[in-house]
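Below you'll find the structure I mean.
Going in written order, the chains are labelled A, B, C and D, and every chain counts its residues from 1.
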């Protein structure tokens, strides 16, 4: 879809459930952030780690900012695709971008981004450990 | 509404949001269990405790069974009321019943129940501590 | 898992997202009803129809009753399986049963059921049309 | 909290439920957009209209863009306040800003914004009808 999409990236396929829709008959706007999280988890997983392991080792990636542009609605039973890429990385933060498309990947339904801090179990910002940073080289 | 509703009990008022509805234009069926939780929390709070304190003291009340009958739909922007009562208590479990009504409390929208175990932080079933049991006398 | 599970039936695989969990670290109890809906949609789809088409033809299957027993928790990032079967059918209602298992299908996490009315666009109960009933023979 | 917050504006009080939290023990990030919708509905209601009536008259305000900065977590059972204001209005769009605070209104938990198109029942952009625009003068 997007030749300039940052790497590493991955695609995740998702079926829209009835519970994700609202009275307008389309996916409720807050649920796109939930879909972004599914994409983000899949990206980390596709690089050989699980976010569950990140937490087990005492690190957390709370969201500091999220943003979404809604371009076209998604409806019940539709297959959609979530494209997730790493857009940036500093000593203590990570940023992801997202693109959600229809089944044929020829219509972009939404575009968004999230920024995450890296914190320890006490919620204190810490430097990204190498075993996370190295995944995204 | 219901003269035989068990005590202690309490009422909680709730405004239906757009995000709670689905493509049928009514509150999505799973969200009623979420409303039951709001009612249950309010009942515990109305008796002078918070479920947060229960957890801080190392006790948890995971749901073992939940059930709901859907009698009439609730729509966006409606005021609804959640009536919650304690229906039973054993050495290691508690049961609650729920009734959700329209704004005027003359139409019952849903009726349900939940059963809860009492467990410690390790998830092991334990006897209900007195400071919980005594609340519901 | 269950030799007596009713047919027709189908399996759907689901990855637990972070947004489906709660502060206890496990899938929030109301979300199981959302998973049941995913299983139910998949069963209808596996028989050659989509629930979306059912609605486009003017029929709706609102839930009249739902029930769930919670046997073991599901955690973030887990693969789980949703087994859905048709357990009953009358002139104007349909019933489904559900079993949710861990990734290896050797632990049952939850069991549940839903009963549905068949109504028209005005919400009036109607006889199940043959093109739905025949699917489940 | 914020002397430059745009008017008209309103406050809505909300109790954090268990179902709104995630495994980190805090309100899941997507749920803030759900809270923004509660605030937005309340603002429209406080001005003498209901968004339900807007839809009944054939107008819809789908979200075109949403954004949220997460400053401090909200936990189960907390009372929080949602401050919503109209930040802009063009011939065919409306923008809102949001601030979510703790119970004492001395800590800002989140800040965000949404932009909305005005469309008819066919999803076509239309000019804001006077009876909506006049509310926000």
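Everything that follows uses one rule, which is that a residue touches a chain if its C-beta (ideal position, glycine included) is under 8 Å from a C-beta of that chain, and two chains touch if they have at least 3 such contacts.
Small disclaimer: the values here were computed from a predicted structure and weren't measured.
*Asks:* Chains shared as neighbours by chain A and chain B?
*Replies:* The shared contacts of chain A and chain B, listed by label, come to C, D.
*Asks:* Going by C-alpha centroids, which chain is farthest from chain A? Tell me that one.
*Replies:* B
*Asks:* Could you tell me which pair, C-D or A-C, is linked by more C-beta pairs in contact?
*Replies:* A-C
*Asks:* Between chain B and chain C, what distance separates the C-alpha centroids? Give it in angstrom.
*Replies:* So the centroids are 23 Å from each other.
*Asks:* Provide the C-alpha centroid distance between chain A and chain C, rounded to the nearest whole angstrom.
*Replies:* 27
*Asks:* Go ahead and note the Å separation of the Cα centroids belonging to chain C and chain D.
*Replies:* Chain centres of chain C and chain D, defined by C-alpha means, are spaced 33 Å apart.
*Asks:* Could you list which residues of chain C touch at least two other chains?
*Replies:* In chain C, 18-19, 23-24, 28, 30, 34, 37, 75-76 touch at least two other chains.
*Asks:* Spell out the residues on chain C that touch chain B in their complex, using ranges where they run on.
*Replies:* Going by the criterion above, the answer is residues 23-24, 28-34, 37, 55, 60, 62-70, 73.
*Asks:* Which part of chain B faces chain A closely enough to touch in the complex?
*Replies:* 18-19, 21-26, 28, 30, 75-76
*Asks:* Please name which positions on chain B make contact with chain D in the complex.
*Replies:* 15, 17-19, 34, 37-38, 41, 45, 50-52, 75-77
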